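In the part that follows, the structures are each spelled out as structure tokens.
The two complexes that follow have chain A in common; it is paired with chain B in the first and with chain C in the second.
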Partner chain A sequence: MLNIKNLKASIDGKEILNGLNLDIGAGQVHAIMGPNGAGKSTLSYVLAGREEYEVTGGDITLDGQSIMDMSPEERAAAGLFLAFQYPVEIPGVQMTTFMKTAVNSVRKARGLKELDAIDFLKLMKGKCKELGISDDMMKRAVNVGFSGGEKKRNEVLQMAMLDPKFCVLDETDSGLDIDALKIVADGVNAMRGGDKSFLVITHYQRLLDYIKPDVVHVMSKGRIIKTGGPELALELEAKGYADIVGAAA
Partner chain B sequence: MSFAFENIPSVKSERWKYSNLQRALKDLSLTPARLGWDGNVSLLSPHAPGAMEYGDTQLWDLNASQTKDIKFITSNDIIDVSAKDGQSLSPRLIIDVKAGENITIIENHNGDGVYWKNAVVQINIEENAIFNHYRTIEESEKGVNTLFTHVKIAKGASYNAFTMVLGDGFVRNQIHAEIMGEGAHCGLAGVNLLASTQHADTTITIEHQAPHGTSNQTYKSVLTDKAHGVFQGKVHVHKVAQKTDGYQLSNALILSPQAEMDTKPELEIYADDVKCSHGATTGKLDDDPLFYMRARGIPEPVARALLIEAFCAQALECIADDVFAQTMREEIAKWLTSRA
Partner chain C sequence: MSNITQETIDTVQSINKYDAGFETDIEMEYSPKGLNEDIVRLISKKKNEPQWLLDWRLKAFSYWQKMTEPQWAKLKIPPIDYQDAYYYAAPKDMKKIKSLDEVDPRILETYKKLGIPLREQEVLLGVEGAPTMAVDAVFDSVSVGTTFRAKLKESGVIFCSISEAVQDHPDLVRKYIGSVVPFADNKHACLNSAVFTDGSFVYIPEGVRCPMELSTYFRMNAKNTGQFERTLIIADKGAYVSYLEGCTAPMRDENQMHAAVVELIAHDDAEIKYSTVQNWYPGDEEGKGGIYNFVTKRGICEGRRSKISWTQVETGSAITWKYPSCILKGDYSQGEFYSVAITNNHQQADTGTKMIHMGANTRSRIIAKTISAGQSDSTYRGLVKIMGGADNARNFTQCDSLLIGDKCGAHTVPYIESKNKSAQLEHEATTSKISEDQVFYCQQRGISEEEALALIVNGFCRDVLQNLPMEFAVEAQKLVSISLEGSVG
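Coming up: the complex of A and B.
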């Protein structure tokens, strides 16, 4: 599904990813854990195609196709979705307008019929209900005045609406209360089962109790330094990063 | 031309610093012409309201001496101020809103080819009346429009103006508003969508001369190509005008490195118990929302258009008439499809 080979990326001349490899199969859930500043969000931005990051080497393929030359919108249409660590506020742009434009842009690019107002609202209302998002929130400007938890739930709502095949969740669990964490995890789990793959970036084992990963990676200083099964997350929770990062250094 | 070039304000004069009208008018060969309005020109007094307030520009007097077109208006109307190639026009609108009335007037300013319209609009709003004054200005590439408005607002009355500048050419849109009676309101708003080598100047003076008056200026400018925008807004609160509430906002969005915006807010306050503030910003489109939208599959031009529409929204909210507001939204969408 998603393959990252020897990826190197820098910003403002500072190298942040230095030779990162990752291979995520169809239907799999991989988790990435790692200390602050390891480059986890940088990886997610580079995957999504943020232009400020300069990719200096390596390749990323989605279903065998390189996405390196694709714009962010082309990547989204190809099925890549990034749930932001810090969702962006967009004053003056209503959630419903934003969502409808996004859904129909993606559908159009995928050769599907665009949804009319009625079908769109039906889809949106259904997903909102599953994720415990009020209609009122959809009338507000994108993320403006949303609480931390609401922003994260809104990311998962957008993910569900856009029907991606590969999703990156960048600390979608941080800032969520226990109930919201369950709602978000249920939202992700509802999308599992088929071919969809997930890359879950988190600091906490807790999320992985709800979203069971197939593989856990530890990232430090811009590369993957250890890979294991779900037990690796438990080990990290108990011992912290010091041993692993130290051993790799 | 039938006027002395020395009478054209030069950039040396304080309030014309950013707008080079002499350059815009140079080499234009124009003939005085008329629109065919039928008001009696001999009724125009050289001491008509506004003459004193516009004492610093000869163009007001020039209009008075040259005008062949006068229109007296007291009720809802739609007025076209359209110039033809080669014309020099000096139209004058005299608008009287009777006490307690509520009227709406739409002015459409446009033209073809090379021309200069030196227009004066004189407005008097009597007690407790409401006047909604909507304008679209869409001049041609070589068109020049100098438009001077003077408005007196009586006790409890309300002046609500919205101007949309599109098109091209050179525009000076100057407004001088006088709050004459207690509790009067002056709301000025506008959207300037400027492209090519267009020049659009909005120059405002609001004089609070009575207590409990409110004034509001909400201007949004979007500039691309080599467009040049100017916003000069002055709020003058006289000593008697206690409890005045004045707010001024000018935001500019620069889409091209060659576009330029000059903004000059001014507050002159002589009363001690007032609430006045201003905010002025000039900036580019934010990268973060743009990337966020694109990451959701929204193509860049569509994302930009949504953000620019959102940027203009606050000015459109000042329009009371829903139909006109919708028309303006469509104009913005049209402009965005063709330019941004």
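Coming up: the complex of A and C.
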């Protein structure tokens, strides 16, 4: 599904990703853990195509097709979704308007018929219900005045609405209490099972109690330094990053 | 409301120039070039005006010659050669027409191209989707037709061009013209008083709620002409009217002058809602050409509990100088000003309002949204004045500026004068930039950069746009998007 080969990227001349390799199969959930400054968030931004990051080498393919020359919106249409660590507020723009614009942009790019207002509302209400999200939230401006939990739930809702192939969750657990964490995890789990793949980026093991990964990677200094099964996360939790990072150095 | 439709987006993507910039090829009748007393007399004669109106024009003209242009705005205005323009231009063969069927089809075609509904027939025949709004269409110096007159007449509403009103309702015109904006008010208003050619006249009798939206559509077509329209709206006791004006002009390399005067009078318990969607040609990307939009708009809340509400969406013109104002004379009267001003490329705008509180318990509300892109410069300038007798007056002002790019400017200049201790005045102001984070967030959801910008800016203007009549809210959203074309990337 997603393949990253020897990816190198820098921002303001400073190299952050330093030859990263990753291969995520269809239907798999991978987790990336690592200390602060390992380059985890940079990886998520580079995957989504943020301009500020300069990619200096390597390749990323989604379903065998390179996405390196694609704009962020083309990547979204190709099926890549990023759940933001810090979702952005857009004052005055109602969630419904925002979502309808997004869903129809993506549908258009995928060669599907755009949804009219009625079909769109049906889809939205259905997804809200599935995810246990009150549709009151959809009447508010995008992320404005949302609590930390609401923001993250909103990210999961958008993920469900846009029907991506591959999702990156960038520290989705940060700032969440346990109830909100469960709702988010349930949402992700509900989308599992088919061909959708996930990359869960997290600092703590906690989220992985709820979203069970197939593969766990440890990242440090812009590279994957260790890969293992779910037990690797527990090991990290017990020993801390210092041991593994130190051993690899 | 506020749904950005696919149509909006397609429009944004497909249009990369001023959409109303075409020219109608039609034979025109001009006055000789230049401005002098004879021209003033000629205009008056063309319109078969009574002596008192000619005298008034001549007085204004003589006063105008001694006046200087207002200098206090933050605008760079090149010297204007008033002699290098025509002050009267009308389509030739304009006879007095009985119905719209008699209007030159080329003119009707022009309005059709602009999406202005002059299709009274369809509505009367019950054609689905035909708009129910009365329109007065002003083409250069003259009104070419007013729709739905008969229907309006049933309820006693007078809606016609001001030239016709001078003929048919001279007492009303004489009583009110210049009563809110005296000719000596400022140089631009003074010029208008001397040479105004047409405009709309509205009178809503006591206790009548105008049964439909009224609208005037101004089209400047002829070259080297100025447009000087004059609009007068009177709402008698307990009357209500919602009125909208729209304006466009062809693209030309020369600057053209538009100096309009609008006067509103609201008697006891009357309400006037006046909306403007101003889309005069703004000039090209290098700042060549475009309209100088120097407009004096003022309303008086003459009666108790009367209300005047101005809503404006200003996207066009090379230079805008405009301050729709309210004189709150009647006790418990209310004034409102909602504004979106967008400047792009080399446009300049200095716009805002004046709220003059004279009566007791008067209230005013100002919401101004300023958006600057390209190398443009935009200023909000507003005055809230509380006179000694205005006990318990209240004002709320909110001014928000949004900057797109790093070569534009936005300025907020609020003046507050209070001579009454019981006044309550609030002022809020913000300045922000569209953040890359916002745009990237939208893009990650599949929305293109241009669309994202339209979405964010429309969100920013939402408080104002939702005050427009429904039919125009969508138009205005499109216009907002189109005006910002090319300001990203």
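Please note the rule applied: the second predicted complex is superposed on the first by the 249 of 249 C-alpha atoms of A that agree within 3 Å, B and C clash if a C-alpha of one lies under 4 Å from a C-alpha of the other, contacts with A are read in each partner's own complex, and residues count from 1 in each chain.
Going forward, a residue touches a chain if its C-beta (ideal position, glycine included) is under 8 Å from a C-beta of that chain, and two chains touch if they have at least 3 such contacts.
Remember, it's a predicted structure, so these values are computed and weren't measured experimentally.
Trainee: Overlaying the two complexes on chain A, which is it for chain B and chain C: clash or fit?
Mentor: When both complexes are placed onto chain A, chain B and chain C end up clashing with one another.
Trainee: Of the partners chain B and chain C, which touch A:Lys100 in the superposed model: first, second, both, neither?
Mentor: It touches chain C, and chain B stays clear.
Trainee: Given the touch rule stated above, what does A:Leu232 touch, chain B (first), chain C (second), both, or neither?
Mentor: Neither partner.
Trainee: More chain A residues touched by chain B or by chain C?
Mentor: Partner with more touched residues of chain A: C.
Trainee: What is the contact status of A:Ala117 with respect to chain B (first) and chain C (second): first, second, both, or neither?
Mentor: second
Trainee: Considering only the listed stretches 95-103, 113-121, 149-157 or 383-391 of chain C, which one runs into chain B in the superposition?
Mentor: Only 383-391 shows clashing C-alpha atoms.
Trainee: Identify the residues of chain A that lie in both the chain B contact region and the chain C contact region.
Mentor: Common interface on chain A, chain B vs chain C: 48-52, 71-73, 75-77, 82, 84, 87-93, 97-98, 101-102, 105-106, 109, 141, 158, 162.
Trainee: In the complex, go through chain A and note every residue touching chain C.
Mentor: 48-52, 71-73, 75-77, 81-82, 84, 87-94, 96-98, 100-106, 108-109, 114, 117, 141, 158, 162
Trainee: Going by the contact rule at the top, pick out the chain C residues touching chain A in the complex.
Mentor: Residue positions touching the partner: 2-4, 6, 9, 435-438, 440-449, 451, 455-456, 458-463.
Trainee: So in the complex, the part of chain B that touches chain A is made up of which residues?
Mentor: So the residues of chain B touching chain A come out as 287-289, 291-300, 302, 306-307, 309-311, 313-314.
Trainee: Per the contact definition, I'd like the list of chain A residues that touch chain B in the complex.
Mentor: Its residues touching chain B are 48-52, 71-73, 75-77, 82, 84, 87-93, 97-98, 101-102, 105-106, 109, 141-142, 158, 162.
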